[in-house]
Structure formats: structure tokens, C-alpha cells
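Each structure below appears as C-alpha cells.
There are two complexes below, and they share chain A, which is joined by chain B in the first and by chain C in the second.
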Partner chain A sequence: MDEKVAVVGINYAQGDDLGLTRERLCFQTVKGLLVQLGIDRHAIDSFILASNDFLEGRTISNVFEDGPVGAYLKDETKVEMDGINAVVYGALRILEGSYDTVMVVAHSLCGHQVSPYLQVQYSLDPTYDRQLGLLNELSGAALQARSYLRRNGLDEGWLDQAAARELAAGAANEKVTRPLQGMDEGKVGSSPFLYEPLRELHCYPPTDGACAIVLASAGKARELTDKPVWIKGFGSSIDSYYITHRDLTVSSSAAEAARRAYAMAGITDPEVQIGLAEISGLFAHQTPMLIEALGLAPEGEAPRGFAQGSFGREARLPVNPSGGALSAHPVCATGAVRVAEAFRQLRGEAGAVQAGEPRLAVAHGQDGLCMQQNTVLVLGI
Partner chain B sequence: MRNVAIVGVGYCPVFVSKRNDVSIPEMISEAIHNAYLNCGLTPENVDAFTFGNMHTFEGVNMPHLWSIDHLTALGKPIMRIATGGTTGMSAFHCAYYHVASGLYDVVMTITFEKHSEGDAQVGLAGIITPEIMTVLSLGIDLTGGSGMGGLGGGSAGGISFQATSYLHHSGAGIEHIDAQAALERRNAAKNPYAHLKDPECTAEKIAQTPLVSYPIRYGHICPTTDGATVCILASEDKAAKIADKAAWIHAVANCTTDATTGNLIEGLITDPAEQMSCQLAAKRAYERAGIEDPRKEIDLVEIYNGFAHQTLMFLEKLGLCEVGEAHKMLERGETEIDGRLPVNASGGVVSTNSIGTSALNRVTECALQIMGKAEGGHQVPKKVRKALAHGWGGLMQYNTVTILGDAPLKR
Partner chain C sequence: MEGLMESYFTPLVPMDFGYQYRLGAYLERYLDGLRERKILGVRCEGCGDVMVPPRMYCGKCRRKLEEWIEVKDRGELVEFTVGHVIMSKGKLSPSDPYIIGLVRLDGATHPLLARIQGVEVSSLRPGMRLRAHWNEAAENDYFVLDHFGPE
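Presenting the complex of A and B:
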């Protein structure tokens, strides 16, 4: 897709306890972005929220954000999925032609108010899986981690390396929940097991967060910013609910989503063409799995890439210089934050975590047990 | 933007209180199967899906994940939308934007609600629980009259303020709400996909049902229904190839206002019968559809009416008659199936409410009327060229509008 839809501004906040109500958090995030762009709410034609009624603890929760985000007397809708899908919906609305600007607002308060694991538990088959309790987000992820390790002939200690890599990257990012300084394999490996082989620091931290993104049509984008970041392509796909029907060592839906996004963006060799990746790997093994699924390394080769430093901040293809979802995972906002982080990188505004001068970036978001659903977005400057 | 058509509609076989014979995914798959049969398409033809229900009613979070294997959507893009009572139409609008963007040719919208596996009133009461907690924490007494809206149970308690305000401003009486409810029960009797049916229903019969919260009687209130509805949309090029009949989308619009507890508790801040968001959504829809005088150009209406007074109230808010005229149109029989402007020929939401489907059913009913495919005797005798579908929900302040036509809009 050529220059039709642009990301013109982003603003986000993440933390283990932001100490804000949802309304206040959304208001501050949106207001901050409007001020940054020098516009008011009347410059926005359409609002797309991403949140989850289950996490909000009330049904039809979107209507309580209509005031805080400035959507009243305007068009507002809610995508009840990871926020990257709300960005996709925003792009579709602009392509349709009725709207020149769309405000995407994704948020949740999973840091201290709600156990984040519950939302996956309650998405399971209510008769068998949920009642028995054997299958849950952590046990599923642990099975997936073991499958991946076994296929690649890796031992459990390798997870420590993979997690330490992302946590160390996140240490430099002032925007994350756990900027753990001096993180190394030893420290990760001595954190307690949550579900073998997954230790606490192999898993995402409970996080509060919100992310606001303004999208604009080509003409409007150039009015709003000198440096629009263009949406080049997107794709999504979903796997079977039943993990027994899937090959847990790969993510076929992430691969399919990436194929669709790359086809739209005209990318034929992602490993060479993509200059930055922001991936929602919620557990230490998922980022390498997704690197492979997104075609950024051949299947089974991501661990070797890690060992060679291929995905570090100084490398040609930095992956998660932000620290990724292991450093902050505000459910629903995480994928939108990946888009925001890619936006900062492409504009050279990522400060301490800036990773070279990427021209083309890929952002990824996921939902469901063991990455059941995946969405991939390609951005370029 | 390109023209988009509705080419297929599928309902599950019956809309009833309890579908004990099927699970949630099975019930949805019935409607999907019927949608494919309705238009002769197969799953290979569908490029993307949108999905809507309100998961607080069954207690399964994001149920598209659990039911995906039964949706013919494995490996396809699927987007879940949830906006309350309007969910069905919001998911439909999302599908419209998919096709109109030019990126997808055929998109399926899937909606359902299986109320028998949950408790709708608990879910609905949960909307304002945080507000009630706040009010209580401030020491405000909620046991008196001012608390009835919040504590009257789900939406029926709060809605009584809206109905009272409507009656006050329109000059209608409770007997008109009775008559409207009776009309819809009679229409529902002709619709095989309606829930509460009574071919002999009269205003007098409704008037004998108990008062729930003045002026709302038991007979004015929607049931909780199990049901699923599916709609297939296609681009103009594709529709020409695959559809024998189609209904064309001329406009979609949506508007919200601020949700405040004042809306619910005695209308302290805004009048819950004002429905500014409905007026604005309708205005935008008419503009986009090139409609200058909706009273002359709209042939048929499907209104979201969880409660019978809303049919009359929204006719006014949608600009389809003057304020205070809707109940007179009812008296004159103009809104009957064979009337000048048939309103809720399907029996409306007040006769059938499986919430995720309810706002989509307004659209699919308009589409079937345009195609001449409405079953069971509720097809209107007049030729329907343009029809308006309305959705309502949120905390009484969120409205969606879709305008359909019998031919593509010349852009």
C-alpha cells in the first residue's frame, strides 16, 4: 500500500501501578497527544477504542471512555482485541474515505487491579477447560515453551538468555514497567518458577497502560506532521482454539498474518528489507518463535541469531529494542504500543533505545491462548 | 469509496428463550450455514470476518477465540467488535469498512447471544456498579426515589425515566405504548425468527400486564433470547457476480455522547429521551446517503426498541416525523406492515432480543425487505427502495444508523 494512511502521532504510558483511574489514564494519554499535535478533539473524526469489558469489570465499558477521550457527539466504536487491530480498523476507515483522522485509544489496568491471567482463563471453553483449570495461560505457554525448546535442542537455561536479552533492552527504556538494571541470565534463572519451565522473569509483568495513536489520510497527515509514518500493509490470521490441533513449535497464524502484511507492503524478502521489529512476545520463547514466523529468520534459526547478536540494538535488524512485552504488557494496549515504539524508531525519536535509522518496521500483536490470533502491521517512513 | 452490498443473510432456525439443544458455537454455526445457503457462497469465498456479542452476558471472554473452529474462519482475518446493544450493527459497520476500503471483497459479520447461559440483567446492572459504589461512598442515599434508576434492576428501571420524558414531550399516553407493543407482538407472529409472538395481541391485553416501573409494563419489555445472525457483504463487482438479489449500503453512521450516571438516575444531567446522538447519527447518515427529505424517501424502518415506547420516540429522533406525531401515526395505522411507513415489520427488539444480534437484525430485516425475501408473511406489500436500520445502546446514549437501498448509490 502506497502513501494512503499515516500514523501522525503517538502517546503512551505504562507502569505496574500508574495510580490512575481508567478514565484519567485515557484522558491524560489522549490529551497529551492532542497537545503534542497542536489540535483539539474537533480535529478528530472518528474514535476507535481497544479495551476489554472483562478487564474493565463492567459491560459496555467503552461508553465511559467517550467523555475522557473526547469522543462525545462523535463516531466511536470499540475493538475488543489487542490494540493493533484497532489501528488496522482505523486504517480501513480512512481508506473508505469518510474520515480523514482517526484516534485509536487502547488501554487496560492489569498492573494491580485485575489478575491478567484471568482474562485468558475466562476465554477458554467454559464446560471443560475452564472448570478443570489444568489449561490456563501459564500452563499453555509452558507447553509451548517446552515444545519450542525440544524442537530446537535447547535446554531450559536458554530461556534465561532470551528473557535477559529483552529485559536488558528494556532497562534503557523509561517507558516500561520493569526497567531492571544489570539484568543477566543468572538473575533471570534465579527468579521463581511460575509454571515449569517458565520462571517469573520469562513471563510478562502485570501492567497498567494506555496508548493513543492518531491516524490520518495522506493529505491530512502532511498538515499534521512533517514526518508521517506510513502504514504499508497489515494482515491477521487465527489458529484453532484447540492447542492439540496446532503445531505448538511454530505459529502458523503469525506466519500467515505476516505473509498478508508483506504482500500488501510489497515486501518480498523481510529478513533483508525490514529494519526493525517490535513483537508482542508475552513469554521468553515467543519472541524467537515470532521472529521465525514473521520471516525475520529461517525456522529454527532465531536462537542462533540471538547468540550472534543479530537482533540487538546495534544489529542490522533490531528486535524489541523497547524491551518488548516482557518489559511491559498492558493487555489490549500492547500491540498498539508496538506500533508506537516502531513509530518512534522510524522517526529517530526513540532516545536512549534508538536503534539505528530504520526505514521499514514491522509491529505485531496477539490474542488468545498460545498466540492463537496474530496481527502484523508494516510501517515505513 | 466503493459501493458495498448485502448479499446474504442467515439466522439460526429459531429465536427462543432457551436453546438447550446446542452449544454457543453450534448455535452460531447454524446461522453461518444458513447464510451460505441463502446466497450460494462457500467459506472459500469469504476474505475476512467481523464478530460481535457482549461477553458479559455469557461469561466467556472474547468467545470468537473459543468458537473459531466452528466459524469457517480458521486462518482468516477476524475482528471482534463490542459496543453494547449496538454491537451487531457496529460489527456490521466494521465489515462495511473492510469492503469499502477496497482491500476485501467478501466479508462475513457473525453475531450471537445465548442469554440462557448467563444473566442479562446481572450484566446490565454491572454497567453502573462502579457509579453506584461512588455515589454510596459519597454518602448519597440510593434507597429513595433517586436510586430507583440505578437499582431498579438492569435497564428496565432506568428506562422508565426515558419513557416518562418521552410521554411528557410527545403528548402520548401509556395506552400508546400498549398499542405499539401489541402491534409488534402481532408482527412478530408473522416472522419465523421472532421470539414473543401473539397474532391476536391488543393494547388492552398489554395493559393488563403488571407495571414494572412506571410507565413501563411487563408487556412493553423485550425478552432475553438465544439466537445468532450472520450477514455477508460484498463489493459491487463481486455482488454482480455472486448475488441474485442484493441490498445496497447507502450510508453508515454512528454517534455517542457522554455516559453519565445522570443519564440514568432521574436524568439529572441530560434528558435520556433527548437522544442527541441518534439525531446526529441520522443527520450524518442522510447526508452520506444523499437523502434530503427522509420522511418522503425512507420506505421502511427497523428501530432498536428494547422497550416499546422507543419505537415511537426514535421515529421522532430519526426525523421521520415531527415531535408528538409518532403516536398519531400509530393511531392512523401508518406504521403497520401494510401501512405508509412500515415500522418494525419484524416485531422489533421488543419481541426478540438476543443482544449481540439485535442491532444487526435491524439491518438484515431491512435488507430482506428490499430483496423481497422476508419470510412467513411479514414481507411488506409496498416496494421498498430505501430502508433505515437503527441501533441503540451504551448507557442509553449510543446510536447507530444504516441506510440501505435497492440499487447502488451513484457516487
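Presenting the complex of A and C:
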């Protein structure tokens, strides 16, 4: 896709407990972005919220966000999914021609408000899996992790390396407020087991967070910023609902989502053409698994390469210089944060975590048990 | 406002209620089978896959599945995890270690997620043979098929 829809601004906050109500968090995030862009809410044609009624504990919870985000008496809609899907939705709205500007606001407060595991728990079949009580987000991820280790001939220590590598990157990122200093392999490997082989520090942390993103049509984008980041392509795909019907050693839906995004972006050799990746790996094995699914490394090379640092900040293809979702996972906002991180990398504004001068980046978001649903976005400057 | 920022507190707002879902014909027939120590699945005419527990449609072929077959109450371990926590209402609490495994029953294509007992964790291997242990006295039909243990 040529220069038709751009990301023109981002603002986000994430941390263990931000000490705010959801209304104030959303207000501050949106207001900060409007001020940054020098506009007010009337410059926004359409608002798309990404949040989860279950995690809010109230139905149609978005209507109570309309005031804080400035969407009252304006066009507002919602996705009950990861925020990267709200970005795709916004791009579609602009491409369709009825809107020139879209504000995406994604948030959740699982750091202090409610357990992040509930949204997956209550997506399970109530008359079967929830009756047996064996399957949950963590036990499912553990089965996937062990399947992946076995397929690639890796031991459990590899998970410690992979997690430590993400957490060390997160420690350098001022946008991650979780205390991550000194999270080395030893510390990861001595954190308690939840479901083997997954230890506590192999798993994402409960996180508060919100992310606001403004999208604009080509003409509007150039009015709002000197450095628009263009959406080149996007794709989504979903795997079978039942994990027993899937091959847990690979993510076929992430591969399909990437194939669609690359086709739209005209990318034929992602490993060579992409200069940066921000990937939502919620458990230590998932980012390497997704590097493979997104075609960013030759088959079989991602697991060892990732753990040993070959996708680090200095690499030709840095992956998650932000610290990824292992450093902060505000459910619903995480994929939007990946877009935001890719945005500041492409603009050379990532400060301490800036990874070279990428021109083309890929951002990824996921939903569901064992990353059932995947969305891939290609961004370029 | 700044003073207020420091004083946000978090009252507990409970939600405590139940839903009464109907099972539907497929799961009812599966549970009826368990009561007779039979494990029932359905076979897809298109791809030949045999699914346990039975599903009404094949995701691959989009066909309605109507051929019921009984699979064996024994099979092989595909993968496993050892739980050190129990998750209840989203909260984790510590637990003595317990094993959950994917077991592919003889005659089935897709594995069944089940509790595994009577096996040392260190001896667990994919391909290991296991058999069902039944508990007809279980109060809840779901737990008549209690766990899998060594064949």
C-alpha cells in the first residue's frame, strides 16, 4: 500500500500500578497526544477504543470512557481485542473515505484492578474446559512452551536466556516502569515454577497501561506532522479455537497474518527488507516462535539466535528493543504499544533504546489462548 | 487534584453469580458414554480425523460430523506440564505439583487434555503408554474419567 494512511502521533504509559483511575489514565494519555500534535478533540473524526468489558467489570464499558477520551457527541466505536486491531480498524475507516483522522485508545488495568488471566479463562468453553479446570492461559502456554522446546532441541535454561534478554532490553526503556534492573538469567531461572517449564519470570507481568495513537489520511497526515509513519500493509489470521486441534510447535496464524501484511506492503523478503520488529510475545518462548512465523529468520535459527542476542539493538534486524510484552503487558494495549514503539524507532525518537535507523518495521499483536489470533502491521517512513 | 491522586483507594467490588448453560447434544452424548466407561468421538468423512471430545463440525473441512465412534481408553502421551499453582477466579495459589498431559487415545487423531497420576515426573516422555482410570462414584459426570496412569 502506498502513502494512504499514516500514524502521526503516539502517547502511552505502562507500569505495575500507575496509581490512576482508568478515566484519568485514558484522559491523560489522549490529552498528552492532542497537546503534542497541537490539536483539540474536534480535529478527530472517529474514536476507536480497545478495552475489555470483562476486565472492567462492567458492560459496554467504553461508554464511560467517551468523556475522558473526548469522544462524546462524536463517532465512537470499539474493539474488544488487542489494540493493534483497533489500528487496523482505524486504517480501514480512513481508506474507506469517510474519515480523515482516527484516535485509537487502548487500555487495561490488570496491574492493580483485576487478574489479567480472567479474559482468557472466561473465553474457554464453559461446559467443558472450565468444568475440568485443567486448562488456563498459563497451563496452555506451558504446553506450547514445552512443545516448542522439544521441536527445537532446547533445554529449559534456554527459556531463562530468552526471558533475560527481553527483560534486559526493558530495563533500558524509560517507557517501562516495572523495576527490571538486574533481571539476569540466574534470577529468571530461580523464580518459582508456575506450570513447568514456565517460571514466573518467563511469563508477562500483570500491568496497568494505556496507549493512544492518531491515524490520518495522506493529506491530513502531512498537515499534522513532518514525519508521518506510513501503514504499508496489515493482515490478521486466527487459528482453531481448541489447542488440541493445533500444532503447538508453530504459529500458523501468525505466519498467515504476516503473509497477508507482506503481500499488501509488497515485501518479498522480510528477513532482508524489514529493519525492526516489535513482537507481542507473552511468554519467553513466544517471541522467537513469532520471529520464525513472521519470516524474520531462516527456519531453526531464531531460538538460539534470539537467546544469544543476535536480534539485539545493534543487530541488522533488532527485535523488541523496547523489552517487549515480557517487560510490560497492558492487556488490550500491548499490540498498540508495539505500533507506538515501532513509530518512535522509525522516527529516530526512541532515546536510550533507539536501534539504528530502521526504514521499515513490523509490529505484531495477539489475542487468545496460546496466541490463537495474530495481527501483523508493516510500517515505514 | 494532586492530593486526590495520592489517595486513590481500591474497594473490592465482587461479582458472584452462576450461569446455567445447556450442554448440547454432542457433549451430552459424550458424558453419557463416560458413564458406561466408553470414550466417544466423531470421525470426519472428509479428512478422516477423529475428535475427542466430539465436535459438531470439522474446522479443516467445514463438514458436519455425524459418524460416532468409540475410541480406546488407552493411548500415548503427546506433551505434558507440571502445575505448581492452581488458578481460581484468575488468582494463583501454590499447590503440590500435579501433572496435566495431552493424551492421544488409540483411534483418535486429536489429543485429550487430562490429569495424569501414578507416574514419576522424571519418567514422563512423549509416546509413553497410558490408560484411563475411572471413578463411577464421581459426583460430577465430567470426572467419571478421572485421570490417566501407566498402562
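The rule is short, and it goes like this: the second predicted complex is superposed on the first by the 377 of 381 C-alpha atoms of A that agree within 3 Å, B and C clash if a C-alpha of one lies under 4 Å from a C-alpha of the other, contacts with A are read in each partner's own complex, and residues count from 1 in each chain.
In this text, contacts are C-beta pairs under 8 Å (C-beta built on N, C-alpha and C of every residue); 3 or more make two chains touch, one makes a residue touch a chain.
Quick caveat, the model's predicted, so the values are computed rather than measured.
Chemist: Put the two structures on top of each other at chain A: do chain B and chain C fit, or clash?
Modeler: By the criteria stated at the top, chain C and chain B fit after superposition, with no clash.
Chemist: A:153 in the overlay: touching chain B, chain C, both, or neither? Say first, second, both or neither.
Modeler: The answer is neither, since A:153 touches no partner chain.
Chemist: By the touch definition at the top of the document, which applies to A:240: first (chain B), second (chain C), both, or neither?
Modeler: both
Chemist: For A:182, select first, second, both or neither according to whether it touches chain B, chain C, the two together, or no partner.
Modeler: In the superposition, A:182 contacts neither chain B nor chain C.
Chemist: Check whether A:19 is in contact with chain B, with chain C, with both or with neither, and answer first, second, both or neither.
Modeler: second
Chemist: With the two complexes superposed on chain A, say which partner A:219 touches: chain B (first), chain C (second), both, or neither.
Modeler: neither
Chemist: Between chain B (first) and chain C (second), which, if any, makes contact with A:134: first, second, both or neither?
Modeler: Second partner only.
Chemist: Applying the document's definition of touching, compare chain B and chain C: which contacts more of chain A?
Modeler: B
Chemist: Touch check for A:126: first (chain B), second (chain C), both, or neither?
Modeler: both
Chemist: Touching A:57, do we find chain B (first), chain C (second), both, or neither?
Modeler: In the superposed model, A:57 contacts both chain B and chain C.
Chemist: In the superposed arrangement, which partner chain does A:372 touch: chain B (first), chain C (second), both, or neither?
Modeler: A:372 contacts chain B only, not chain C.
Chemist: Superposed on chain A, how close does chain B come to chain C by Cα atoms? Whole Å, please.
Modeler: Once the two complexes are overlaid, chain B and chain C approach no closer than 5 Å between C-alpha atoms.
Chemist: So chain A touches chain B in one structure and chain C in the other; where do those two contact lists coincide?
Modeler: On chain A, the overlap between the chain B and chain C contacts is residues 57, 126-127, 240-242, 245.
Chemist: Under the definition above, what is the set of chain A residues touching chain B in their complex?
Modeler: Answer in residue numbers: 52-54, 57-60, 62-64, 66-67, 71-81, 85, 88-89, 91-93, 95-98, 119-120, 122-127, 235-242, 245, 252-253, 256-257, 260, 264, 367-369, 372-373.
Chemist: For chain C, which residues count as touching chain A in their complex?
Modeler: Touch residues, chain C against chain A: 5, 8, 10, 13, 15, 19, 21, 23-24, 27, 51, 53, 55, 59, 79-85, 87, 89-92, 100, 102, 110-115, 126, 140, 142.
Chemist: In their shared complex, at which residues does chain B touch chain A?
Modeler: 1, 23, 54-63, 65-69, 73-85, 90, 93-94, 96-98, 100-103, 117, 123-124, 126-130, 253-260, 276-277, 280, 284, 288, 393-395, 397-398
Chemist: Quick check on the complex: what are the chain A residues that touch chain C?
Modeler: The touching residues are 19-21, 24, 57, 112-118, 121, 126-129, 131-132, 134-136, 138-139, 142-143, 146-147, 150, 192-198, 240-245, 248.
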